[in-house]
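The following pair of complexes shares a single chain, chain A, combined with chain B in the former and chain C in the latter.
Let's turn to the complex of A and B:
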């Protein structure tokens, strides 16, 4: 058959679909909804993965924590010296941080001591960061600022582990670009963090180790562990792997829960394709009577399926795109990102690749088309005289 | 390890392909056993109608299989983040011994299904459907590959154990795992270059002669050379073509060229290679069918068309491989 006759069949199919707008409208609607839901889940989880990857790129290659009785403990600062003497290590920085529960707004803050490496990347800041040894000043994230109604120049009061109130002048607020990282963050000078949490002298929360060549990081981690058997070195690569697995696992779980809806959709498609109206049967009968072959009718049914599935697919993807990247995936985000009082309000960077499209195709278009093959064939082999005679 | 969305999609999509093709071959056996073109019985009429269903099923099966091959590669690529030592899809596929065999089975199904559709279209051109019995035998040959692809894929994903942080100790896990081979064994660059480009020149001349003369010998020769060229090309992609695309002398991955970072160059590359070697091989494979009376008038024209498509596609393929070699500043002369 020439290209022209294929075009004619397609043309005829489009006209006949338009004639039966309402019957096909239902299937397009449900199909679009299915693609929209699956698409939202996939776009969201892949954007999260990407975001996590981008953020973790800036984190140290190796973090050394001390463990005691299976729990994380403070680590003596003098270990930093020994670790930095290991070949391949370019720097070790003790980090002082912790979580603070604010009774007033019933939310957790992350408290972090200011340090050299933190201020090196402070482009995100409005105002300034406290100096590493500065006392009585703080920089806060937007989420904290909003929850406590504070601005640059006002004070924020925190209760220390000893029970006395500590006041800090707010000198900086993190900008919204970094909201994912900084929404619940409060940065203080090191002496203030130590006083707030009553940390013993010469102890830090953990050690951030920078390594010159990242492929050497596992070896260095092994050396750290053999020198200090009570430590837990965590590689940046392992954190990335874990995030990847968790987001993949969560979205897989939601998709599995959603499988019932998918099956219902396939049954609907099967049912719609089987239940030909008398009018449609008559149409096929007449087409065959005027010389259409069985293969032409099958081709017409193929175009019909393609037109319906591609329009629903595109519509569903566009809706999912708008939902995820313009409205922050308000429907599915809680299941994927978790819950919190102070939650970063961020816009995800759009990220779509052929992988997601192929996944969506396999989850929606393939089952739809497969479920219509046999009904289409049944319709195509109808005898013309049978139907026309009625 | 089945909870990744890519794996769920893959198991569903290729599961449907499996069902379609299994049903098609079930019908195929029925047709094969009872086919009698001379009969006017009701049963023969029903069988003739069923042939339409079988062709439709296989056509959709091929379409879905194409999606599933790409999805398989993408999923393997996506999994490399979860595995210690894996840098791209090659590393993930090496994670256990089922990865590459699953891919090979899928590619075999791709070629067999395409070959079946080509025979089917040829068959429907003749008035007495002379190839029907042969066709349905071939369908039965395809089924083991489809099943093998599916089972190997399940085994492969089932065997993958992501190396994530455990609560006892982060790093021992990475150290304890042996890691996976993240690269493929590759042939030396310079000899492969010579073999690859000279083989293409030979195919091109044989093809042109076959096109001009339509002689049987050249058609068969073209078939063997095209099939051989497919394997040589894959070896060449691993050995040097991909290196030129990545501009890294050590990254022998045949899959990364499918990514956006390399302008999706892998898609036209593989499509032209598959199409070229497929049509080149088919042009010779159908040569013996010329003896069938009702087909003898049709075969030469079809052969000529397929040879032309094969030559055009392979030329496009070779031109694509030349783009980075000629235009990028990268060179492998020292290797």
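Let's turn to the complex of A and C:
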């Protein structure tokens, strides 16, 4: 068959689709919605995962936390000496951090003790970090700054566990590009964190362990665990794996939303595959009667499936991209934010996995075309007279 | 104009639009990769273990620190011990006029 005859069949198919425009536009709408939801989830989860993995590459190789009665407890700082004596450990540094609920704006902050200064060329901090032993100063995340209307030079007041008001001069504000990491952070000097949380002397929240060779980290974690059975070592690999799972295919929100979309699509495809309407059967019968071959009818049905599924796929994937990367996934954002008052704007970098797009296309376009062709082929090989009479 | 040509132009338009989105994504990813060096510096200096994805619960603020192994703990994707958690909506934050206005900007 020449190209022109294929175009003629396509012309006929498009006219036939337009004759049943309400039904077909309905299918395109539902199909586009399914691709949009699934595509948005794929874009969102993949970008989150890639960003998290890139950002968390610099996390400590090993975190040692103390457990008591099934809950995390403060850890004695003197354990750092014993851990640093283990072969392969290059340094142990206590971390002082905790959560703070701000009654004023009903938001949770993460309070963290400073343990050094950022590199000179770091563009993500306006101002500076407090020194590790400095008192009365703070660097805050953009989310905290917005919620408390503060800028560099302002004062932020927090209430300590002892009930005293503690004022801090804001010397640094993290830029909005770092929101995914710092939105709710307040960085203080170590003495201020200890006073704010009324931590007992010589106790820290946990210990950050640096190892010379990361492949040895699990062995060191095992040694720490056998030396201190009440501790829980968390490896950087486990942290990364957690994010892989949180934003992976099989995870909570992703699974829930995707399962709903998948079920809806299966119902749609099943409805198409289980049979043709009386009108469609009659159309096939008439076409056969006027001289169309079975192969022509199959081609027409192939075009029909392709027009609907390809149009829906292209529209759905474009809408998903625009939704996630230009509108910050505004449809899913309320679910992701949950009860949070301070949350980052989801201005994600558009990391695209071509394999996922290809999979989505293979899972939507091909089954739909198949489900359109198979019942038509059955009708096309039946005697036209029988088909038209029903 | 032939209907098949209109459809062909529609598909071509969509593909070109996707290609343009692909080009912009390349630029934005390059920007992020440049910024990610500074983000990595913040992570390493402050010894951070988690991204500030959602701070409505400890296990969403610090998923890597969630106590997955112990009884009656919450963690991402956990099956709730009590069904109330699934049907309890977040409180109405609209009373927080000032804070929410900032967020709306």
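Here, the second predicted complex is superposed on the first by the 285 of 390 C-alpha atoms of A that agree within 3 Å, B and C clash if a C-alpha of one lies under 4 Å from a C-alpha of the other, contacts with A are read in each partner's own complex, and residues count from 1 in each chain.
The working rule: a contact is a pair of C-beta atoms (placed from the backbone, for glycine too) under 8 Å apart; a residue touches a chain by one contact, two chains touch by 3 or more.
Here the structure is a predicted model, which is why all the values come from computation and not from measurement.
Applying the stated contact rule after C-alpha superposition, one finds that A:184 touches chain C and leaves chain B untouched. Once the two complexes are laid over each other on the shared chain, residue contacts for A:317 go to chain C alone; chain B is not touched.
In the superposition on chain A, A:373 makes contact with chain B only, while chain C stays out of contact range. When the two complexes are overlaid on their common chain A, residue A:234 makes contact with chain B and with chain C alike. In the superposed model, A:114 lies in contact with chain C only, and not with chain B. Between chain B and chain C, it is C that contacts the larger number of residues in chain A. Of the two partner chains placed by superposition, only chain C is touched by A:51; chain B is not. By the touch criterion stated above, A:61 is placed in contact with neither chain B nor chain C. In the overlay built on the shared chain, the residue A:304 is in contact with neither chain B nor chain C. By the touch criterion stated above, A:358 is placed in contact with chain B alone, chain C being left untouched. Touched by chain B in one complex and by chain C in the other are residues 70, 234, 238-239, 242, 245, 251-252 of chain A.
The part of chain B that touches chain A in the complex is made up of residues 2-10, 12-13, 16-17, 19-20, 49, 52-53, 56-57, 60, 64, 67-68, 70-71, 74-75, 77-78, 81-82, 84, 124, 162-165, 167, 169-175, 258, 260, 264.
Residue ranges of chain A in contact with chain C, taken from their complex: 7, 10-11, 14-15, 18, 48, 51-52, 54-60, 63, 65, 67, 70-72, 93, 95, 99, 105-108, 110, 112, 114-119, 121-125, 129, 141, 143, 146-147, 149, 174, 177-185, 187, 208, 234, 238-239, 242-243, 245-246, 251-252, 307, 310-311, 314-315, 317-318, 321-322, 325, 336-344, 349-352. The part of chain C that touches chain A in the complex is made up of residues 2-4, 6-7, 10-11, 14-15, 17-18, 21-22, 24-25, 28-29, 31-33, 35-36, 38-58, 60-61, 63-67, 70-73, 76-77, 90-91, 93, 96, 98-99, 102-103. Within the complex, the chain A residues that touch chain B are 41-42, 45, 70, 218, 221-222, 225, 232-235, 237-242, 244-245, 248-249, 251-253, 255-256, 294-295, 298, 302, 353-355, 358-363, 366-367, 369-370, 373-374, 376-377, 380-381.
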